[in-house]
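Next, two complexes with chain A in common: one pairs it with chain B, the other with chain C.
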Partner chain A sequence: MRRFTREAGLWLLAIPILLWTLLPIYHIFLFSISSKDSAFSGALWPDKPTLRNFGTIVREEHFYLHHFWVQIWNSLWIAVAAGALTLAIATCAAFAISRLKVRGGRTVMNLALFTYFIPAAFLAIPMYKAMGAYELLNSRWSLVLAMVTLAAPYAIWVLKQASDKLPYELDEAARMDGATPLQLFRLVYLPLMTPSLVAIGTYALLLAWNEYLYAYLLLSHEQTITLAVALGHFISADDSPWELLMATGLVYALPPAAIYYAFRRYMVGGLTAGAVKA
Partner chain B sequence: MAAVSFQELRKNFGSTQVLHGISLEIADGEFMVLVGPSGCGKSTLLRMLAGLEDITAGSIAIDDRVVNDLESKDRDIAMVFQSYALYPHMTVRDNMGFSLKLRKDKKTRIDERVARTAKILNLEPYLERYPRELSGGQRQRVAMGRAIVRDPKVFLFDEPLSNLDAKLRVAMRAEIKALHQRLQTTTVYVTHDQVEAMTMADRIAVMNEGRIEQLGAPLELYDRPANLFVAQFIGSPAMNVFEGILRDGAVEALGARWPAPKNKGIQGQPVRYGIRPEHLQPGRDGVPAEVVVVEPMGHETELLVRINDIDLIVVMHGRSAHAPGERIFLAPQAANAHLFDAASGRRI
Partner chain C sequence: MIAVPGIALPRSRFAFKSSWQTWGAIMIAPYLLVFLAFVLYPVSYGLWLARDPASYARLFADPIFARTVVNTVVFLLIAVNLKFLLALWLSGFFVHERIWIRWLSIVFLLPWAVPSIPTIFSIRFMFNPEWGVINSVIFRLTAHDGPNWLNDPRIGLGLAMLTHIWKSLPFWTLILIAGRLAIPREQYEAASVDGASAWQKFRYVSWPSLRTLYLTSTILSMIWTLGDFNSVYLLTGGGPADLTHVLATLGIRYIRLDQVDLAMATIVCAMPLVLPLMWFMMKNLSRGDRQ
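The block that comes next holds the complex of A and B.
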């Protein structure tokens, strides 16, 4: 009886949370398969579901969608570059601090933590000025660099923690086997860190993919903005094409979902099993 | 193969000195065991030889070449770690061939050497497996294989058997010993287990608090311990030791006279009397004692006896009819008794 009450309680909690999460997504989906006239009908399922909205997007047949492909390419380019650059910087930093035990490593870690006392929004204007000074405004690199700046401290912190869990004897064994620090990094460290690297790479990639504020500030030309910013433009007019906005939003949400699905295997650890005792 | 020489070796961690001038010569092909309680500096000494710890003062030479400033990889030594430290993402084959690959040996040569080593260690069926798919004993053998495959000048073992269960430990002990007899490579082996030290070593260096207490062949240490520390560290069960006064060729202690070795010490000298459990046998007369516990082990029987509130251990061959509470007489063998100076603990 007690178990039953507990389970019933859990279900009572789970169902509202599930609805709370899924309802907006369902709402987006509903809009995206409705025609313009029926979008606001309030029905739970449209009378005549249609995929026309997606066709409009793909063929760039609307004023707001004239640069759809360029913009999604921008988003992709920036996200991948930010992910890769963050990963490269954070991995090297974590390796140097955690494995090579360089002097001042602790200070770097403390500074990395300290950056989180300052909200990213505070730094938006200084960042804008800095990018202006380097004449990077309206270049994809401005957003990439800004995103790396925001993502790197957290990435360093997480990767350092993950590195610390690798047994130090592995490094010593590799040194005895004749490995240089670079070989240790490439042949032992990187393979063992793969799960954490994929997780952190995904984090940075999605951070950049989803970014709005910085993208809005740093990029302003129709050809250079990301799709997230372009989506914002949809609601600049009184008569917004909601069904297209929602359909584009759905398309924009697909890559992150796909990435999560593809890398779900790496999100769990367990690769170090068997390295040392126990 | 090579000889190893430590000269006045010192090591500080911060302001604490953990090795106080160790000098030790290890002969070519010798199996040297460094044994001592935890914190005695034996692992630090080994790691300094491995090049994993800096040398504060003194020098280490391998084959007359000082290696103080050489990287680990340039010292031509191989080490087996307590935790095995196998690369988890590599197969047994790749684990064993890693060092050869790093020094850019040809693939055919690597394959050949790995195959030969796997054959010696009976690892052939496991070459394509990952460490996580192996048992503790197999992992231990892979760790050894990784060392052997390089054909180094010196093997270093850092408590390699302490993660194995008792039965496997005995088996691996014999395996390592046999391996050494076959390869004849100079070996430095660190352990806290005096049984391992006794059974495997050509010579043992007993260490305590950053110093070598005694250096010698296993039975030499057993028969003639240089001081109380070695006397009580080597041998299991440990030597019985108690205080007394030397008088007329015997030690007065625990309300009795204990026969002492001849011509030792000065009349009236306060001493510590040491006698191993197997040199103290029940007899028709001698020192009266009370049996407290009887531990039959089949091939021998251990008696815990009490004299004047002091507990002593007696080991008898075979079985014993004694029962707890019984009063017996103990007959110490004078020739096998040890006398130590009460103040310094040194052998008299």
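The block that comes next holds the complex of A and C.
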């Protein structure tokens, strides 16, 4: 009997958790398959589910969607560039600090951690001014570099943690065999670090794809903004087409969610371990 | 953690060692450049812009400012602590070994896995007083109009906090689950043998192991919450009448109004909140790193 009440208690808890988690997401889905008229009926399932909203998006047939393909391309370009650049910079830095024991490596690690602990919205303001000074505003590179700045500290930290766990004897053996640092990096370090590298690359890619604030500050031209900023424009008018906004939002949210779940094994292990060190 | 302080290398290896140092310097240089160009220079430049006492006088004279500070403190204290109590409690739920709980935990991660904009706009629409699904349901059930949700500054800020919790709860629950799974199972078994109640197991087995993680996570989450622009801006836009701003959105608001000195002054005013938290995290992490 006690066992039964315990199981029932667990099930009872599951229902509010499921509702809390899924309501806003189901709401997006519901709107995106509703026509304009039935979107506000408050029904749990539309009378005539339709994919017409997605057709409108693909053909760019609404004022807010005239540059949809350019904007999703911008999002993709920036996410991939930021992911690749973060990965390259952070891997090299972690290797130099953890394996080559470069002088001053500890200081650089502390500088990176310091950056990691600046609240993102506060760094955005001086960053915006600096990008203006570098004349990078409205260039995709400004957002790429900003995202690298935000993602690299955590990337270096996680990679350094993972790298410190590799046995030091590996380096010793490589040195004895006369390997150069680059050979050690390419032939020993990179293969052993692959799981962490996948996690970090994905982390930086998703961070850049999902970013709203920096994109909104740094990019303003219709042709250079990312899909995230374009979605923000929908809300500027009172009569914005909710069903189109939600459908576009779904298109925007699916790729990162899919990537996240595909790499979940890496993400959950690699990222939660580094996030907080008890 | 492996720490090999200064491996003693034979003298003949000196050239060898210096080549490793050279490569080390080359490989760390890109990040150092990023740091100098996009952290050090902007922050110094920003602080230089914020040097004029007159901008602080103007900032304090802005009636929004005091309200914003109160909102920020309320947001930090209530949202973060509520989130962590929930995360602590939910982590206890998710560590039960059932196949359906494993599936539920995968679904539970969704808010964290999807980008903020669509979901926050979705919440915004749900609470629209005229057409939103919440008020439609309220009207159908009670035949009365529901509250004016986002047009009421208190409810608006409350909903922004809930949105923030909705978005970041999965991540912190995951962290605490990892913390709970690291506790040896024998300790719980021993407690069961001694006839400990569920509360006693939590109080004397789980909590002592989780305490440090819980505290560190709370501090880190407070830092991130201070920088959370989306939950407030995308939900209420700081409105109605700029009454739901937090420091993060107020700074950006000044930037959009082209008042950079006020924006920077806002950040400087946030420093008494941010710096102790940053100091705590830096101390904590570098101590852990040295072990």
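As a convention for this text, the second predicted complex is superposed on the first by the 243 of 278 C-alpha atoms of A that agree within 3 Å, B and C clash if a C-alpha of one lies under 4 Å from a C-alpha of the other, contacts with A are read in each partner's own complex, and residues count from 1 in each chain.
In this section, a contact is a pair of C-beta atoms (placed from the backbone, for glycine too) under 8 Å apart; a residue touches a chain by one contact, two chains touch by 3 or more.
As the structure is a computational prediction, the values presented were derived from the model and not from experiment.
By the touch criterion defined above, A:L192 lies against chain B but remains apart from chain C after alignment on the C-alpha atoms of chain A. By the touch criterion defined above, A:P167 reaches both chain B and chain C.
In the superposition on chain A, contact of A:M127 is made with chain C only, not with chain B.
Set side by side, chain B and chain C differ in how many residues of chain A they touch, and the one touching more is C. Using the contact criterion defined above for the overlaid structures, shared-chain residue A:L12 touches neither chain B nor chain C, since it reaches no partner.
In the superposition on chain A, contact is made by A:R175 with both chain B and chain C. Overlap of the chain B and chain C interfaces on chain A comprises residues 167, 172, 175, 272-273, 275-277. Across the complex, chain A meets chain C through its residues 10, 13-14, 17-18, 20-25, 27-28, 31, 40, 42, 88-90, 92-93, 95-97, 100-105, 108-115, 117-130, 133-134, 145-146, 148-149, 152, 156, 164-165, 167-168, 172, 175, 180-182, 185, 209-210, 212-213, 217, 228, 231-232, 234-235, 242, 245-246, 249-250, 252-253, 256-257, 260-261, 264, 268, 272-273, 275-278. Here chain B touches chain A in the complex through residues 50-52, 71-73, 77-79, 81-89, 98-99, 102-103, 130-134, 136, 139, 146, 150, 163, going by the rule given at the top.
Across the interface of their complex, chain B is touched by residues 167, 169-170, 172-179, 183, 187-188, 191-192, 271-277 of chain A. On the chain C side of its complex with chain A, the touching residues are 1-2, 4, 7, 16, 19-21, 23-25, 27-28, 30-32, 34-35, 37-39, 41-43, 45-46, 49, 90, 93, 96, 98, 100-101, 104, 106-111, 113-119, 121-126, 131, 133, 136-137, 140, 166, 170-171, 174-175, 178-179, 212-213, 216-217, 220, 223-224, 226-230, 233-234, 237, 247-249, 251-252, 255, 260, 263-264, 267, 270, 274, 277-278, 281-282, 284-286, 288-289.
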